[in-house]
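One chain, subunit A, appears in both complexes that follow, with subunit B as partner in the first and subunit C in the second.
Up next is the complex of A and B:
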């Protein structure tokens, strides 16, 4: 069997297992998994930029939040139905990522990290500044009646689960197709040696910009879906914490692996879930995990599997 | 009140901000200039300074000034030792890789912050000022302690400057900063210099916090703003340039104090943040830094 066939089988298998789990999981874990799949889509978006292109952004919360607010505000104030509202969220994310990408990509390395952090901070403060519309930290609830998509009530747990699965499956397949395409190979080449790629005649800036936009729009789609499925949009999702989370998930699961983001979110979600029963200082777990990961397991979970057992993993 | 005295009051408040900010930012700048790593946990060392100062002053009985003086001496040393230990156990193992260091110090940030939350708790707590003197100006009375903060910061900054430019320690520091490989070839223990610099940087932040904590209460989330502002200042001043850092701190601290009097503080912060982002994008060497050769 070729490597390509193997990876298609594996990814198809993951989606089928998640589909089957819907009917057997107890209610609590059922709800958790729906959340995990949406957050994993966010992490997949982050991974395209960080794992495959080698650009470390500390401002992805801005993209997640622009999708969420693009969707939420257009439902709240323009009275759009969920379909067009999702498109509005994607559009908002597209515009924001294009502008931020165009400016931030003039810098490299540490400066890129700080510039993205600064833009995201400015975005967060902007949400607070327009508190009369966004309701700031408190956020606003999207009513159940506003969340009926083509006759399907997205607040119902079963349809919410399937909607999350559709988003996750789509993002997973997009990332798999991307890394197997020529574009994906150029991105990986940029990560490994930017100068050589430039010497080979590729426009590095344009390829990086494509990566930022793709990564940001997927993050925005996750943000918009999150708001729609769980009926809430708030400034918390624009804070630095939500820029750090995808980095943590991707590092834990394995940067530059297609399944890493999902594994990372799954592990971190349950780690925090279990520890929050013991202490309210659950971010301590995230901190310790970040330090240990950078010290001992730079490859992450799936990365280690790829290194030791299955070198064909995309 | 008329506009003149009003502006004077705003500038005095701005000067207190600028003094504390300069101390904190010089710590960050020293670390970046020498080690070429960005310490995201810098704000947490500031917070730790404030919290430890509260703990120490509440343990020591008697006059408030005794506890304060003890805190001013002991707290920066304790914080500095902790930072040096973090450098020795984590950053050194990462070989000071810039990106890995950022990720690891984000981790350290959460560890320090959350451990403080677990031990010190979520409340904001005040520290009594060492003395209560009101200086009467023709238009309003002003806290003598705040003027003391400005003076103390100036003395400390002069001390840092003299150490870096006039002493043998400063010479070693500058040699390491210029070319760590050559410095090592001349027998300088570069890794040890790094640990000391990391400790001193954190100690300066802690000292700034001890100075400010009688004015502003100690709280486990108080590290966020100093971190962001220090970043802004260090970047504006040119990464690693001490003089630029101080000039930028005065500029940002004063204008922040004055702008917040007339405009919304959130808007002021947005503008400052975007300004810094554009400086990095369009003038990466900073306003006062030299263009890389």
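Up next is the complex of A and C:
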């Protein structure tokens, strides 16, 4: 079997297992997994830029929040139904990522991290500044009646789970197709040796910009879906924590692996969930686990599997 | 009709602070030639070819490639027009396989035709005698093989002009022999500009030689003329 066939089988298998789990899982984990799949989509977006292209952004919360507010505000103030509102969220993310990417990519390395961080901070403050509409930190609720998509009530756990799965499956397949494409090969090459890519005749800036936009729009799609499925948009999602989370998830799961983002979110979600059942110092347990993993599994969970067992993993 | 010049420069120069690394170089390379560029260490050879392919911007003068003034073009645009540059200090994608390395060189011309890409990757690796190492990780190769991979990446671009920056540096004698054969065999497909210290390689391959010294063209001529040139000997060996 070729590596390509193996990858397709594996990724298809993951989606099918997640599909089957819907009818088996107890309500608590059922709800968790829906949330994990949406956050994993966010991490997949982050991974395209960080894991594959080698650009470390500290401002992805801005892209996540652009999608969320693009969707939420257009429902709240324009009275859009969920379908067009999702598109509005994607459009908002597209505009924001294009502008931020175009400007931030004039820098490299640490400067790129700082510039993206500053843009995100400016975005967060903008949300607060327009508190009259966004209701700032408090946020606003998207009513159940506003979350009926083509006759499907997205506040219902079963349809919410499937909606999350559709988003996750789409993002996963996009990332797999990307990684196996010519474009993906150029992005990885930029991560490995930018100068050489330029001297093979590729416009490095343009390719990086494409990566920022792809990454940011997927993050925005996750943000918009998150707001729609869980009925809430608030400034918390624009804070710096939400820029750090995808970095942690991707590092834990395996940067530059298609399944790493999902594994990272799953691992961290349940690590915090289980340890908080044991002690109130649950962040200490989470912190120690993170330190141990970064010391002894530097490639992340899926990255270590690829290194030791299955070098064909994309 | 005289052969068309594939690439030429007029008054080309580059200063680094007060240092004139390359100064007022008029250079013409006709299509189909194997040209060697020689000169003592620090003569400005690498700076000169970097000016040709755009890795370094010129301080003065012009570069014309395929009849177009490319002085203002970025490096990647010049490469896309049909130049290929192999690095003096091996610059490969160490964590990727040989196939991926060469595929990157090949795919810009072929788009998404995966079968064609694979075929040309194999052909380019085969040309340097590495067809059996397709799936090996580039960073695990011996130094000599990394040099050859670098050349395969140059060939994979099917360039009009192939610039080889000290390709035999660090190669074993047997590998150098193979390299000479390789250069002769690809000469009918592309014009070659070869920076080379090994005079045996230069004498065996070059149709014509340009000598650079202190950033300026010291002499140009056929190999036997250069061989007999007193100025060149002085530059290489010190004053007689």
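Just so it is clear, the second predicted complex is superposed on the first by the 295 of 314 C-alpha atoms of A that agree within 3 Å, B and C clash if a C-alpha of one lies under 4 Å from a C-alpha of the other, contacts with A are read in each partner's own complex, and residues count from 1 in each chain.
Methods note: a contact is a pair of C-beta atoms (placed from the backbone, for glycine too) under 8 Å apart; a residue touches a chain by one contact, two chains touch by 3 or more.
Predicted model only: the values in this text are computed from it and were never measured.
Undergrad: Determine, under the contact definition given at the top, whether A:114 touches first (subunit B), second (subunit C), both, or neither.
TA: Touch partner of A:114: subunit B, not subunit C.
Undergrad: Decide which partner touches more residues of subunit A, taking subunit B and subunit C as the two options.
TA: It is B that touches the greater number of subunit A residues.
Undergrad: After lining up the shared chain so the two structures overlap, which partner does A:198 touch, if you call subunit B first and subunit C second: first, second, both or neither?
TA: The second partner, subunit C, only.
Undergrad: A:33 in the overlay: touching subunit B, subunit C, both, or neither? Say first, second, both or neither.
TA: So A:33 meets neither subunit B nor subunit C here.
Undergrad: Check whether A:189 is in contact with subunit B, with subunit C, with both or with neither, and answer first, second, both or neither.
TA: Only subunit C; A:189 stays clear of subunit B.
Undergrad: In the superposed arrangement, does A:280 touch subunit B (first), subunit C (second), both or neither?
TA: first
Undergrad: Quick check on the output: what are the common subunit A residues between the subunit B footprint and the subunit C footprint?
TA: none
Undergrad: In the complex of these two chains, what residues of subunit A are touching subunit B?
TA: Touch list, subunit A to subunit B: 56, 58, 103-104, 106-107, 109-111, 113-115, 118-119, 121-122, 125-126, 128-129, 244, 247, 251, 279-284, 286-291, 293-295, 298.
Undergrad: Give every residue of subunit B touching subunit A within the complex, in rising order.
TA: So the residues of subunit B in touch with subunit A come to 38, 90, 93-94, 98-100, 102-104, 106-111, 113-115, 117-118, 228, 231, 235, 264, 266-267, 269-270, 273-274, 276-278, 280-282, 284.
Undergrad: Under the stated contact criterion, what part of subunit A meets subunit C in this complex?
TA: Its residues touching subunit C are 181-182, 185-186, 188-189, 192-193, 195-204.
Undergrad: Write out the stretch or stretches of subunit C touching subunit A in their complex.
TA: Per the stated touch rule, the residues are 53, 55, 74-77, 79-80, 85, 87, 91-96, 100, 103-105, 107-108, 111-112, 153, 157.
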